[in-house]
């Protein structure tokens, strides 16, 4: 990684500047907070209290409004982390490593939520908290991948090195996710053991899927909010010696 | 980044090199040019950043600010640091063999000759684990007689070496520079060679 | 085994001590007596057996021929060898804390004072991994100011230490001997203290 | 002497705390091996519940085994073992202190997570107390026995594998009684006998191993 | 470049030869785990033959995993990794050379002994060729993927456990296809598909991992 | 509203514990995450301010 392979567009270069990110992120942050709060509250209340019950699963189906966003986010965040890491490696951009690092905790949290809510959902639907279904197993493996990234990040004390190491692992992990998914699916269908499958997407009435849309979008905003906050924190930690930060109004208090 | 066009005859230049570790600036604005035949003694108190500088020059520590330049195309660098890079289970001769194999090859005769030069005659077939601290360092130094490197980067090469050994070593350094090589080394002991140039890191440290 | 009855006032005696490694005799017939207030400089070329001797005295290397005797009952020995015995992940202060905890206890104030004496003020809460070679050795040496040992066995304590550091260190050695302690140390550099007694291992080596 | 042991315990806990990954790692290894097993074998509940007891115990043993390698090795490599041995106390105190921390870090978390693992392998719920009890008695025995091997291979480069070889045979009885007790509980049979045997092995190990490992360290 | 790689291969083989325990150790671990399994679970032939494929593959994976820890660590600790990286060749050559020796020492013996192990677990004889072929393709893939983890944890103290966490998730597909192929063969089904997939994964790993591990080493 | 009473909403025809614990987990875990991010941010701000003041 001595030489950049591709030249970086100018706007991109600007985005890589910590100062720009700190300021622009500061403007965006409250907006994301508000939008995330509104969407999530709206979606959750709608889903809990107003959406009709499923004719098969009854009320337990309401778990979907938290389970599915968490499951979707757990995967997108890993992908996002790998993309940020790749950008960091290719263009030697410190900020990208910071963004990747900010993704870890929130991504792992969403994965845990997906697993736990899924497990809880499984009890009334399948009669067991856990079965070795393909999708469940691959989500579990995803959690392990997150755990690995997190542990690696913690184990290396030098920030720069930790950032690059994490990026490499995230990229390799991302390449592997589809392979894992595919192989796990195949493995499970081969043995044909569990007769349970996740309910295939039914043609839901709007009353049922609109709340889902709201919680999914809300979760994305919440993710963006957390990443902004954590990245700006890291900028504060690493740039505290620079003049732009010393004169920043966040610091001077003006 | 600007260096005189004659720089093509230089072996190594730095351009405003700086280093920061854990938010502590070790040195900054370091500009120097190493020409063939020079011997640089890098000085500084404990923790000044001598080891870090040598590792930056060798490419083993990331350079974030400034540049390290090797103007000539085929500059070969030999770096010997605090960790000697010897395999304890292998004999002195076997260690030299793989080290030399990294960018060339060597015959057993050459290796025995190199070991004799560093005063390890009779220890060629001892495993490195069986050698004393000073003898281990001598094995590592034997590489200097075996591999053809233009620039030697030596981090405290006198450590653990006895007095006669230090005298001999200075002699090798002298011969290497006379033969057109260059040496950058650190040491807390004085070097008694006339051509020594001193780079005092304390002059580049922030106040 | 015979030593004068006054030996009860001695700190350490050897009785015909010898050492053989890999069928090679390093030294034999070593008889010496270390009294309170003495500073012994063990000399010898690389591979002479200095490290081995210190480890035999400390009880870390088996004694097959001869004897090592500590005539006084309550002699406390501090040994600092090539390997410093520091945990890289712990801070300087924490390392001193557990080292001192091995045979006593210490307050943070005492530890900070010891670290200040070895010139590491401001580095108390840095992990040892973040220190330079010389700074690491200084942390190990700080133990000398913290633990009450009558005999210090120091293997090349000047290694990696800068020039001012060596001057300071000799001062501590001096004070320790003046206070009734004893020091046995190896070094390839000279010690500029008047009370130095020299033990040249080459005199005990086979021809 | 107590003070000496406390100093070691405090230091080792501090070392673990400095690197939390270290602590959750035996745990993670345990979970991963158990999770990989269905992947390798079959996801069928009936088959899994049959082998659950054995798989959990073998995984627990492997997790202990792996973390044992570093018990004395790191201390040896950086020279702090020398310093510990130079202290004026018998070396078994040192062993006991280090084994205690090892169990705290590798054994205890494993016991705490075992109910979850049991669910994933479809072990009957009524066997879970027996599982936890057997692990509670068995894992310290594993740590203690392992200390002998760890002490013997200290200073040997790449001793990890050698260690496995040395102590796996010692582990056989623990594994057999441990997994049998769980299997018995799963079938609704009495487990007192097995538990008593595990307890006896623990006491025996507690008496023998600190001495044995201590002497091995001084070699 | 070939010369450079040969120099590394020669050195590493010499190192192993100097300490032969190193070589038989993954093998012994493999045998022991497989042998412990019936002890922990049940000695019944019918049950064992059912789980044999999975157990053999999981044991092979663990044996590889354990020996991986030292792949770059010893070189890092004594400073010879620095010297290797300073050589004027791309770092993937270094990775490739070291992985090759690792496989030679940990993977190959395992393949050679696998027929014996298969017999011990009552795997049908006609599945043995599939077992050996799948191991032949799978173990180098495991070594290659593991190299990434090993490179990443180089220089991290006590990285052994961390390594496990990093690479076990990557091993999932290999385990699944490896054990499925053997299970299919045992049931008399065709294995070409699985073998083709294992081969594809091997080629893929061969292309990706030297680069990834090489860059990780240079951090 | 789909449910007739608050009780029915809480009970959800027997599925209440499952549904509510899931929503509880969702809110709690994400809440912890946001709170942690925020507290780290404040801490970093404080440290940065202290550093600037020290350098002056």
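Letters A, B, C, D, E and F name the chains as they come in the text, with residue numbers starting at 1 for each one.
The rule is short, and it goes like this: a residue touches a chain if its C-beta (ideal position, glycine included) is under 8 Å from a C-beta of that chain, and two chains touch if they have at least 3 such contacts.
None of the values given here were measured: they were computed from a predicted structure.
Listed by label, the chains that touch chain A and also chain F number zero.
As for how the two copies chain B and chain C face one another, over half of their interface residue numbers coincide.
Farthest chain from chain D, judged by C-alpha centroids: B. Counting contacting C-beta pairs between every two chains, the top pair is D-E. Centroids built from CA atoms put chain F at 57 Å from chain C.
Taking the mean of the C-alpha atoms as each chain's centre, chain B and chain C sit 30 Å apart. With centres taken as mean Cα positions, chain E sits 32 Å from chain A.
Chain E and chain F, compared by their mean Cα positions, are separated by 43 Å. Listed for chain A are residues 141, 144, 147, 151, 155, 184, 187, 240-241, each touching two or more other chains.
Shared contact sites, meaning residues of chain D that touch two or more other chains, fall at 19, 21, 25, 28, 32, 39, 42, 77, 157. Contact of a single residue of chain B with at least two other chains is seen at positions 82, 88-89.
Taken in their complex, chain E has these residues touching chain D: 19, 21-22, 25-26, 28-29, 32-33, 36-37, 39-42, 47, 50-51, 53-55, 57-58, 61-62, 66-67, 69-70, 74, 77, 157-158, 160-162, 164-165, 168, 171-172, 175-176, 179. Within the complex formed with chain A, the chain D residues making contact are 19-21, 24-25, 28, 32, 35, 38-39, 42-45, 48, 119-120, 122. Put simply, chain A touches chain E in their complex at residues 1, 89, 141-142, 144-145, 147-148, 151-152, 155-156, 161, 164-165, 168-169, 171-173, 175-176, 179-180, 182-184, 186-187, 190.
Per the touch definition, chain B reaches chain E in the complex via residues 58-60, 76-77, 79, 81-90, 94, 97-99, 101-103, 105, 127. By the touch rule above, chain E contacts chain A in their complex via residues 148, 152-153, 155-156, 159, 162, 165-166, 168-170, 172-173, 176-177, 180, 201, 208, 212, 215-216, 218-219.
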